[in-house]
Amino acid sequence: MTDLTPSPEHKFTFGLWTVGNPGRDPFGDPTRAPLDPTETVRRLAELGAYGVNLHDNDLVPWGTSAAERDQIVSRFKAALEATGLKVPMATTNLFGHPAFKDGAFTSNDRRIRRAAIGKAMHSIDLGAELGAELYVFWGGREGTEAGIAKDPRDALDRYREAIDILCEYVVDHGYDMRFALEPKPNEPRGDIFLPTVGHALHFITSLRRPDMVGVNPELAHETMAGLSFHHGVAQALWAGKLFHVDLNAQRIGRYDQDFRFGAEDLKEAFLLVRLLENAGYDGPRHFDAHAYRSEDAAGVWDFARGCMRTYLALAEKARQFDALAEVQEALAAASTAELADPTAPQGAADADNLKAEVDQLDDLGARGFFNERLDQLLVDVLLGSR
Amino acid sequence: MTDLTPSPEHKFTFGLWTVGNPGRDPFGDPTRAPLDPTETVRRLAELGAYGVNLHDNDLVPWGTSAAERDQIVSRFKAALEATGLKVPMATTNLFGHPAFKDGAFTSNDRRIRRAAIGKAMHSIDLGAELGAELYVFWGGREGTEAGIAKDPRDALDRYREAIDILCEYVVDHGYDMRFALEPKPNEPRGDIFLPTVGHALHFITSLRRPDMVGVNPELAHETMAGLSFHHGVAQALWAGKLFHVDLNAQRIGRYDQDFRFGAEDLKEAFLLVRLLENAGYDGPRHFDAHAYRSEDAAGVWDFARGCMRTYLALAEKARQFDALAEVQEALAAASTAELADPTAPQGAADADNLKAEVDQLDDLGARGFFNERLDQLLVDVLLGSR
Amino acid sequence: MTDLTPSPEHKFTFGLWTVGNPGRDPFGDPTRAPLDPTETVRRLAELGAYGVNLHDNDLVPWGTSAAERDQIVSRFKAALEATGLKVPMATTNLFGHPAFKDGAFTSNDRRIRRAAIGKAMHSIDLGAELGAELYVFWGGREGTEAGIAKDPRDALDRYREAIDILCEYVVDHGYDMRFALEPKPNEPRGDIFLPTVGHALHFITSLRRPDMVGVNPELAHETMAGLSFHHGVAQALWAGKLFHVDLNAQRIGRYDQDFRFGAEDLKEAFLLVRLLENAGYDGPRHFDAHAYRSEDAAGVWDFARGCMRTYLALAEKARQFDALAEVQEALAAASTAELADPTAPQGAADADNLKAEVDQLDDLGARGFFNERLDQLLVDVLLGSR
Amino acid sequence: MTDLTPSPEHKFTFGLWTVGNPGRDPFGDPTRAPLDPTETVRRLAELGAYGVNLHDNDLVPWGTSAAERDQIVSRFKAALEATGLKVPMATTNLFGHPAFKDGAFTSNDRRIRRAAIGKAMHSIDLGAELGAELYVFWGGREGTEAGIAKDPRDALDRYREAIDILCEYVVDHGYDMRFALEPKPNEPRGDIFLPTVGHALHFITSLRRPDMVGVNPELAHETMAGLSFHHGVAQALWAGKLFHVDLNAQRIGRYDQDFRFGAEDLKEAFLLVRLLENAGYDGPRHFDAHAYRSEDAAGVWDFARGCMRTYLALAEKARQFDALAEVQEALAAASTAELADPTAPQGAADADNLKAEVDQLDDLGARGFFNERLDQLLVDVLLGSR
């Protein structure tokens, strides 16, 4: 059996807020005590993780004085140095504070929008100080329940303005940092702006510095809307915009579950891992998930180990699948590789030929595509039946 | 009471396939006889519609000889002339024929992809002949059930190649025609490429002639994925890409229902109509819907009348809503107009001020946004209670 | 225009936890200060409500001493007497405390199950003291994320045992009280036992005292699963088991939203109100909802007023709809009343005739059911176009 | 590696309509030729199936004369005898004919209701002739799009009347046959009556001969509504009402997909198979599914083999899982077996003790439930990592 032990080269990361999740939910109180961030660093390093990510207020609670802030940050940096753990990604909490209840960058209240940009600037400074090369924006409060209260076109204008300003800020400060937008369809707002990977990819093309900005697709978020996550990630890769990825598990059409990676829909998880590995994605594999609320402190580390173990198992399955002769035969029967061939290299100059080929459709309708065989081979490999 | 009688100036359109839907579904046989296209033209004109749209095979059945084709088209054009009805939009059926079972522009079989492009060329010729200024591409078969059978990045390459070639074809032939892509998340495929308005808007930015191509969002399609349709349409408008719009009704998370416009979710329908009217959208209002299968031939025209009647009623409600003093007060209390004000006109040059304003967040958290009042006013206006 | 002012005879009720909802959600802190229960009583009475409902810990926080408890209860009873407001329904909080993280009546830990039953007994005593005639059980924690951790058949055994014991407890104490089970499909658990009205109705038939127990369907809960709420309520009415009803608004396939009644899907809300009114349901109309998180303290009362106003508006629409001649004609054309006629009063004795009538199906297939006309009349009435 | 070859003792069954599905869908024509029922019998027997199920019109097309009918049936019986294949279940097509567009047993038109009962009687005769011991009722057309057109309470009355009459018919004719109701939430109707296993189980308790009637839960149908299928099956088992089961695969919130068993959500499929095997369910394992539309005739048999192979693989995984020492430890840590212990054997007589135990809740809140460990062990076993 393959070794499923994680090590930093696998680039597994967790957020302070993920392993530190205390198990509070809309109907219940916390079930676990807060975790000290330096303790988190120590434990993650022991487990073989590569890095730890954070929101500003995960490390420095809201309302902390400047002096205290520096002390906290120093202590955290010391823990990073001691363990070798990185902070590959940082982000701003623009959703927890009551002032953001109507949005942060898209609040109807201009004062709040200004403060939101200011808070992001402070937080970018912190990220840069910790060496983060990627900065994520999840606009969890940028949306509406009462659609009548906001013209969504104005909201997109303000959203763009904020990201443009923050790009400029990063460039002005000479930070070596790129941005990634993280889409989500709903929760905590009724409808969130930039609800899917597609909407975010399009929005990026409208920015002043589109090259600086990519996406951070999250498995749970696309899945909530019933969209194929590996298709969404593929469109991001196709556009050269997969700057980061958030891995977890989720059932379609439900509250945001953020379960352990692999806990739901193993086939989709397999397709995703195979895509990431085959595409040569070399960024972090970030587990934006948390332990079930039923777990005590020990369960949190079972959770973290499980995320990494299943990723490694699926990556191994992907290699095994692609190496099987039956699979190669079935892929050939399905004409899978042929999809990479240009259809009409001469373009519209080929129009007469293309039009003439329509007559062949009745004959072409008879062929099979062997998708049942191929998909069953995948199930066989997943279950170890082959 | 306002007059709710439709007339051509309202730009209401139907498809031959919509009023002509025979009521066949996956579990049952047709319940209505086929409609002669010229009869459809006559009835729609009588009801006050502006135009009729079509797929190639709605008018010219698959397998028709060239001679017959010309006869059918002449007869149809005569009916158009007699009634003054337009054909504002045309499209190709790239989903019904068995050969497209694995995709048309993204079939793994290159021969099928070539024939699909050829079929679209023929069909574009027909559209041009009928005066269509807009050509829609709904890639209903461009997707997978067995995700392993296609690399989605190859599929996007082929999709782009096809649209690029067809743009070139239109330009070569001097047709006065623009394209619109119609996204859909699933059905009839397990997962369809370009599943939402966002994905399509992004894809368009990758084309050789992005200016020629916009989107045709469909209410039912975005709603199937639980996305806000008026937000999606707003992002298309914001991008200058709303070239067409498909109106109907749909419940979230269900099979493609294509119900009469207004039959579900009147509040979302109101927000959409208000957006289209206020944004000055001047394209067709196309009802891509059909009568319930329980209806006989007469029910089809009840259905068509209902679509237009409800649109006009909602447009009138929108004017009434915006004119109410209580509404203007509530919008002001919600700071709705303030969202149009730039947040920081000086950009990152304003960083010090922006950072300093973070301290005001605790105070700003206390204000209310009066969304309950505003939304209830909307319900009052919808129900005629105010 | 009809008077839409609520009064106690309309039997509108709210929960302490509904108007008292502080706006905390999984991603953000409270946005509103706690409400004193006696203040809630005063405000609800002013607005024309009939009653106020509560969980034990809404009134008496967890950890309160016996002496304090009595003081709190006295003060609350004084407010009720002063205003005439009733407490028609009470319930137990068996979901907020960390001990219930794996379930209350169905926790794997027997000690927790025992304490859960004990807590319900204390809480039933409180309900009886406040005059509640109905006691609701919402088993929000009775479920799983990891399905492997519980045999669901054991869980149903334990659930039944708990309800049986509590029925016995009520009878032993001579309380004039009935029970109602409130189903929900998921959230806060991945999958909750008794997920729909149907599952709960069936479960009740297995109890020792089925006559004492009915259901409390909640609009948001059935809608989360995409089920028709008015169909679910109808099955409960049909079974004589609609003991209570929870009204709010929700979009399908989303986190539990608990919006203001009427804020989503006005057609379904209309069908529900018409059903309740026509069926002679005389229990409370309970609004299990809360103000949007964007609202301040004033927005809470806008929210409460809106719930009642829309109910009254829809009840008036229902009367108006049923009184229209066009509606009566359309209902006749749809053969709606004929559904109340027995199909074959002689039962299987009529077999030969029934078999012979199969031959008429081809002819019968031609008739229409006029559902488009009927549904458009409904939309017309809702929008006040007719 | 375990032998995954199916044989009749495994009780795998398919429907004539499943392997015979021609690949027609709402947007496309058939992609496969019809299969001769006797050819189906031969192929299924070769593959190791136990039986073949059918609707009346799968074998005897609508409109067949009595003489032809007898010839068809004889030929089919001969094929059964030759191969040893059984017909364990039969059912009536009450959804395909246009006359059923408004319902069959619940059509508003009494003549259609009568003919529907008559058609079911004929069809029951056919089932009895073929030796079917189970008769399934899937009320696919019993529902509404326009909820206003039917009082759902009347519909339930008529539904009950029809089943009562048909039970009487079976008893009168001395047939050795039980009934099973198959619930579905929607499609082809907007909302179907008896939408879930729960609603059907409750409905059965209202029948005159409840003992004769059970349920036939279908994986795809419960999953469409996002409900846990293994929980639904468990409630049916708990009630002694699992008379049959329909296996396939489906994604939540989509059109009815009926994919190959195991093609989606392997964890839920595992939990289901483990439950069926451990509960001693000895009825047929019916695959109500069909090959992807992209497949040719050969793909159909790949599909059929895959369904059985994955079931056997999961049954083997279940045995392996339960035999692992780590699993037994984790189940003990999760207190899984303790859920089978009565909570309070003395009932309400134990009230004083139960109330006193509430004080222990704060202590009990600290324990963990080890669900992460347990669920990861399950993933490990599924993937063969352990």
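Read from first to last, the chains carry the letters A, B, C and D; within each, the first residue is number 1.
Quick note on the criterion: a contact is a pair of C-beta atoms (placed from the backbone, for glycine too) under 8 Å apart; a residue touches a chain by one contact, two chains touch by 3 or more.
The structure displayed is predicted, hence computed values, not measured ones.
Peer 1: Between A-C and A-B, flag the pair that has more C-beta pairs in contact.
Peer 2: A-B
Peer 1: Check the residue numbers that subunit B and subunit C use where they touch, and answer same if over half are used by both copies, otherwise different.
Peer 2: The interface of subunit B with subunit C is built from mostly shared positions.
Peer 1: Suppose each chain is reduced to the average of its Cα coordinates; what separation in Å results between subunit A and subunit C?
Peer 2: Subunit A and subunit C have C-alpha centres separated by 37 Å.
Peer 1: Using mean C-alpha positions as chain centres, tell me how far subunit A is from subunit B in Å, no decimals.
Peer 2: 30
Peer 1: What are the residue numbers in subunit C that touch two or more other chains?
Peer 2: Those would be 31, 97-98, 101-102, 145-146, 186, 226, 251-254, 263, 267, 292, 294, 365-367, 369, 371-372, 375.
Peer 1: Make each chain a node and each touching pair an edge, then name the shape: line, ring, star, complete, other.
Peer 2: If you draw each chain as a dot and join those that touch, every dot ends up joined to every other.
Peer 1: Given the complex with subunit D, which residues does subunit C contribute to the contact?
Peer 2: Those residues of subunit C that touch subunit D are 97-99, 101-102, 105-115, 117-119, 121-122, 144-158, 161-162, 164-166, 168-169, 172, 185-186, 191, 193-203, 205-206, 224-228, 230-232, 234-235, 237-239, 253, 267-268, 271, 279, 331, 334-336, 338-344, 347-348, 350-351, 353-358, 360-362, 364-367, 369, 371-372, 374-375, 378.
Peer 1: Taking the complex as given, what residues does subunit A use to touch subunit D?
Peer 2: Per the touch definition, subunit A meets subunit D at residues 1, 4, 31, 226, 251-254, 260, 262-267, 291-292, 294-300, 302-303, 305-306, 309-310, 313-314, 317, 365-373, 375-376, 379-380, 382-385.
Peer 1: Residue numbers of subunit C touching subunit A in their complex, please.
Peer 2: The touching residues are 23-31, 95-98, 100-102, 140-141, 145-146, 186-188, 190, 226, 251-257, 259, 263, 292-294.
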